[in-house]
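What follows is a pair of complexes built around subunit A, which joins subunit B in one and subunit C in the other.
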Partner chain A sequence: MNNQATSKIDPTPTDWSGDVMQRRIKQRYAAERRFKALGLGAILLSASFLLFLLVVMVGNGFRGFTQTELPVEIDFPALTNGAQPAQFEGPDAESRIRSLGVQDIVNGSIEIQYGNDGTDLFSAGAWTSVQSAILKNPSVLIEKTTFYLPVESELDVAYKGSGNPEVEKKITELGDQLSTGFNGNFMGNSDATDPMQVGIWGALKGSLITMFITLALAFPIGVAAALYLEEYAPKNRYTDLIEVSINNLAAVPSIIFGLLGLAVFLNIFGLPRSAALVGGLTLALMTMPVIVISGRNAVKSVPPSIREAALGIGASPIQVVFHHVLPLALPGILTGTIIGMARALGETAPLLMIGMRAFIAKPPDGITDPSTVLPVQIFLWSDEVNRGFVEKTSAAIIVLLVFLLTMNAVAIYLRNRFETRW
Partner chain B sequence: MDDMTSGDIQESGVSSAEGASQSISAGDGPPKMTTRNVNVFYGEKQAIDNVSIDVNMDNVTAFIGPSGCGKSTFLRCLNRMNDTIPIAKVTGDITLEGEDIYAPQMDVVQLRARVGMVFQKPNPFPKSIYDNIAYGPRIHGLASGKDELDHIVETSLQRAGLWNEVKDRLQDSGTALSGGQQQRLCIARAIAVDPEVILMDEPCSALDPIATAKIEELIHEIRGKYAIVIVTHNMQQAARVSQRTAFFHLGTLVEYGVTTDIFTNPTEERTRDYITGRYG
Partner chain C sequence: MSSTALLVLVFGLGGVAWFFGRIKASGFVTGGTRGEVHSLPSYHGWYVALWAAIPAAVFLLVWNIVSPALITDAALTSPTAQQLPTDSFTRGSILAEARSIASGNQEKAFNPLSQAMVEPYRTAITYYQTLGMAAAILLVFACGAFAWLKVKPNLRARTKVERVTMIALLLASLIAIITTIGIFISLIFESARFFSMVSPIDFLFGTEWNPKAVAGPRGETGFGAIPLFWGTVFIGAIIAMLVAIPLGLMSAIYLTQYAPAQFRAWMKPILEVLAGIPTVVYGYFAALTVAPALRDLAVSIGISSASSESALAAGVVMGIMIIPFVSSMADDSIAAVPSAMRDGSLAMGATKSETIKKVLIPAALPGVVGGVLLAVSRAIGETMIVVMAAGLAANMTANPFSSVTTVTTQIVKLLTGDQEFDSPKTLAAFALGLVLFIVTLLLNLIALRVVKKYREAYE
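Our next item is the complex of A and B:
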């Protein structure tokens, strides 16, 4: 009976070189080739999208850093009744220059050179660059000086290649006088109504302050929470509940954090609207779960043998955590922090909820001053009707990307430094 | 080590056979550590059943037994490393120099400095060789200056027989050493805090025979300066390095006595079966 059973289940000998087997091998190779091709295709596709984005952004955005200029010769000695450079040095030089009436001097000079309608050719704020030039170097006052002043926005757009026929005509009239120069205002100014005068500095500074607040709150609290949950907390229903809650928080849509910020920070605590402080607090709420999750994983991946080694020579639990576990987990925690901070930097929705979409024409001086941030500024400019804002939007996107890359580069540098030290 | 009376051995055999464990002398001199009626539970499961053993300074004590017999668990009771496992529960009395180590007033951090431990897998800190050794003295404040710390590092490495191999590269990472060197580094690290007892949990199981021989030689050299307890799977190793051997089986202490007696003339059937390779 035993023999019978054996013979029944005895399989036919495997034919390793038979047709069936060959076909199977061919199919296997084909499947592998297909998968490789798919993967390569995916990478090429995403690389081409990225390239397209970068080319378009840099192409458009580059023009945002330049401006079209016309030369204006200003005869300072005649127009200022012989004001001496020495008058405009010292602490209250600015107010004295203001009393000089630079705007009238500039407009007068423009009218002499370009006729009575000449001022229409120039950006309304063109005179401010003359004023700041005097402030920087009062010695220009002693002689006739030629300034290259920004033209008005439509002319600028047309000269850069996409204007309407009426403006094109003006360009041919002006001919060689027009030139392209570096737009010094863009990195130094804040939001304005005239696209020739807008700048990104206000939003950049707002972003810097907001990110600093976010990091200062989310990083220590997130790391402390991760360490407590992994190293100290007992494993029971309550800690399970906390874990589930944190995982859910990381997946909550950001606009809900904005509503939370509005309800808690503005309505209950009465913090000022549109302030970097509230923006930072709100983004910290959003970033913290990401840091906690990555921090817990990093702490978990520290080998238990290191903890045992430290405990075995009489390190107290807190010494084990701060001398061994945290330094070893830090690279992993920093990776999570980079992801969280990058997301926070690009976030617009929650900040709109706490009033950061206001028109802010002055860079913030402190954490409670009204401010805006880069992505919100981009969002606002992209909504503008004036065509001059298109290139400014692209330029602002470039600034945002450079900021993001710088932030990540610093974090990655820190991460690698800690990795080699330990 | 050879002066133990046959009566002692007899007693040990009888006591463990009956399960009513009695104290077992560690030989000459007062015992460094004593354990009485120790039970360890992992939740519902009992891992150690009523074990009593004394350990003294002169002898290397070896714990042998098949996998899962509780010898490592018992070893980890001696410096309260089991505290890190939340479900582990230890009953019975364990003393170090007459002090109950499970008493509430016992500081577990200090206890672990006094009862050092070397683990199965070499686990140097991912720091320099120097910092590996200096870490213990630093956290316990054993050195008052850089010179003293240097001195501790040097003597510890010398005692562990590693000094000549690493003296020119103390700032290299400890993890860059070979497995055997890493394990000797771990022993040096344990020695550096000047412990009274050193527990070794299968210190050679991850090492090749040459590295193993060096560790065994090292154990011989430091015997007498520290009370040494070693857990091993390797019966030849137990025979080579120890003067007292305890045989564990299924959580109970089967037999404890002079190593030569255990290996040549065991009282218990189970011990004989194990050392002759019939099971385990």
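Our next item is the complex of A and C:
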């Protein structure tokens, strides 16, 4: 190209105002505008994906926090043979209420009002909300009381807008009696087979316990490793090996950590399957490299003059780091830790490997109890055939996203609030 | 008392020891001999506390590993143990049952023999637990007292405490190596067991994936992983990258070269949110919204064979997930190009887009390629999106509307069934994991090397 250009060089100056050149310039500016529009389009498209995803999830999930209800009038004095509220106070109130046979009372009342097939209209667990209402306030027993009880799942889905014709007919029959209420079960219950009775408290509690274990292990180890590597490690082959393996671990697919957890924690150490302990351990191994990497960056950004000043007035190397460098680097380390924890909170695949996918209807009470976590619960519900689970899955996703976005916001706030420019 | 509670007790006593050490050391200064005291009182406290807690904690750890064997031995010397069958398998199951009843994990025995063994077990457990507890507490007091007696004004407590701190820091940094080795060994070990049942050649080059627990009539086992490798590459390295590279690269270019500061300050965090959304949410989004929409689209343009679990849906959603990753890598490498090159091009009269296309991108290319390799490695290791949206049929097809399966999907599927742990179906998951691990490892190493070389070129 060079040779060609020199051989064909034209001695006359370029005519910039000429037609050819003007057209060429116009073309080049048009190309410039196209390219700029393309860039803007790319970024707007990416952002609109996010918007679309959030709109879909919120649109579906919003309905998961509500439930369709039908009024049921229960004549307690007649049906309980005049049980008095005073009988149901005190420490063993719960077992005495059980002996009352609330399920039969509720079903009887439903049949009086909605005919013999009336119970089919209601969620199978509807009576439990009456039972807990009595437990909370036994004085409802003195008189006729109207309860709004959740209807069964298909009716609920249909009333909220997308049912089959057969169920739609039932809705027109019931007419004004149907109403929409707040689904108090959703934040308080655990997994169940009936979508009207499911809740995320069990999974949320499992997530909190798991995150606690992850944090308790990954944070001290990660910070210690970051301090060692940045402040004390001699520059040699072993240190390089440690660095390479940390960088590498940060990029290993999360499912591999699940395989490690399965092979080591479950099969060699014999820890219980699907326990929060094993989940926390596995996620800690995954989160630790993230904390080490961000911790090293934070430690590195503390200026050497501070170390030298401390050394100069007689502090030992350990005192320099623990009294001066670490406190100054802490905001940066915390930011990285929160981001790592947010990632661990959303992680599903490694937890499936260690068996946290069982149906668990009761919140875990300890670190070795079988438990599940929010993302796994979302995965399990997404597999359900029953259409009532669609909105519950999206509602659980909303809860998960609220947690994650809060954590990220806290991280950004910390970064902006405490970031020191030296 | 459970071993966790005992450990807490040991550390609690360590805290008490700290106070004793500190109180004794504070006395040195009041005597007016400050000049002779080597360390501050709190270091003396730490010195005593570490002496009190660490030996006992180490003892407890060892005891927890050793004591089950001791308990079993003790239980077997009891007279009831003579009636146990000699066959090691039933014997083992009876003992396991008796042990779990005795330690309170199980209510009732199915086998009368294990019920009989419960009593000897319970005595043995009580005996050894008491023994361990007594020894641990004795150790705390003995070592604590020993250290407390050594606390003198000229004791170099700070040096000693700092040495322990240093060792703790070193051990913490070794955890990363231990984890890497643990991953490697567990994958290799389980894969070796798998390859003793299925030939590696069949596994790596076979084209039929249909895992069976027992080999078929002609010895075929259906462990040919080529369809999985193809599915993984098709979704993760082709479709996802076709979405992520143009969008990510153009976003990065617009944000760094054109966007006003205000726009950039808003858009960059929004893109980062895209990276922070959990993969299970993307998977649900792909399965619930994107896949049906794409199938309807395919049917409307006349592809009747379109599957509702299409490779396209999983790939596109995975691509969206990767956009911020590609974008930030491209951002970094474009920012690393010396501004002299950019200014030179602009000074010659090139438009901004010409400068970007002819100068910035070629100069930043190694960095961009490194970033893309990292993105590919992330995409092929991604699990939940493909598990939820890509399906299980091991097809070898380049039709994006049909269903393909990936390595990670199959790992999840193989390990979440109710198989025996020794069956080749379960072990195959580890072999697939090994392949995945090695491939992502290589991709990462190459990518990091490319990026590093390129950075050096401009520094």
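In this text, the second predicted complex is superposed on the first by the 362 of 422 C-alpha atoms of A that agree within 3 Å, B and C clash if a C-alpha of one lies under 4 Å from a C-alpha of the other, contacts with A are read in each partner's own complex, and residues count from 1 in each chain.
In this text, contacts are C-beta pairs under 8 Å (C-beta built on N, C-alpha and C of every residue); 3 or more make two chains touch, one makes a residue touch a chain.
Computed from a predicted model, the values in this text were never measured in an experiment.
By the touch criterion stated above, A:R28 is placed in contact with subunit C alone, subunit B being left untouched.
In the superposed model, A:L178 makes contact with neither subunit B nor subunit C.
Touch criterion met: A:G312 reaches subunit B, while subunit C stays clear of it. In the superposed model, A:L38 makes contact with subunit C only, not with subunit B. Between subunit B and subunit C, it is C that contacts the larger number of residues in subunit A. In the superposition on chain A, A:L227 contacts subunit C only, with no contact to subunit B. Applying the stated contact rule after C-alpha superposition, one finds that A:A263 touches subunit C and leaves subunit B untouched.
When the two complexes are superposed on chain A, the residues of subunit A that touch both subunit B and subunit C are 316.
Of all residues in subunit B, only 79, 81, 84, 86, 109-114, 116-119, 121, 123-127, 135-136, 139-140, 186, 189-190, 192-193 touch subunit A in the complex they form. Interface of subunit C with subunit A (complex): residues 158, 162, 165-166, 168-170, 172-177, 179-180, 182-183, 186-187, 189-190, 246-251, 253-255, 257-259, 267, 269-271, 273-274, 276-285, 287-289, 320, 323-324, 327, 351-354, 356-357, 374, 377-378, 380-384, 387-388, 408, 411-412, 415-416, 421, 429-430, 433, 436-437, 440-441, 444-445, 448. Within the complex formed with subunit C, the subunit A residues making contact are 28-29, 31-32, 34-36, 38-43, 45-47, 49-50, 53, 56-57, 60, 220-222, 224-225, 227-229, 232-233, 241-242, 245-249, 251-257, 259-260, 262-264, 267, 285, 288-289, 292, 316-318, 322, 342-343, 345-349, 352-353, 357, 375-376, 378-379, 382, 390, 393-394, 397, 400-401, 404-405, 408, 412.
Residues 234-235, 303, 305-316, 319, 323-324, 328, 422 of subunit A are the ones touching subunit B in the complex.
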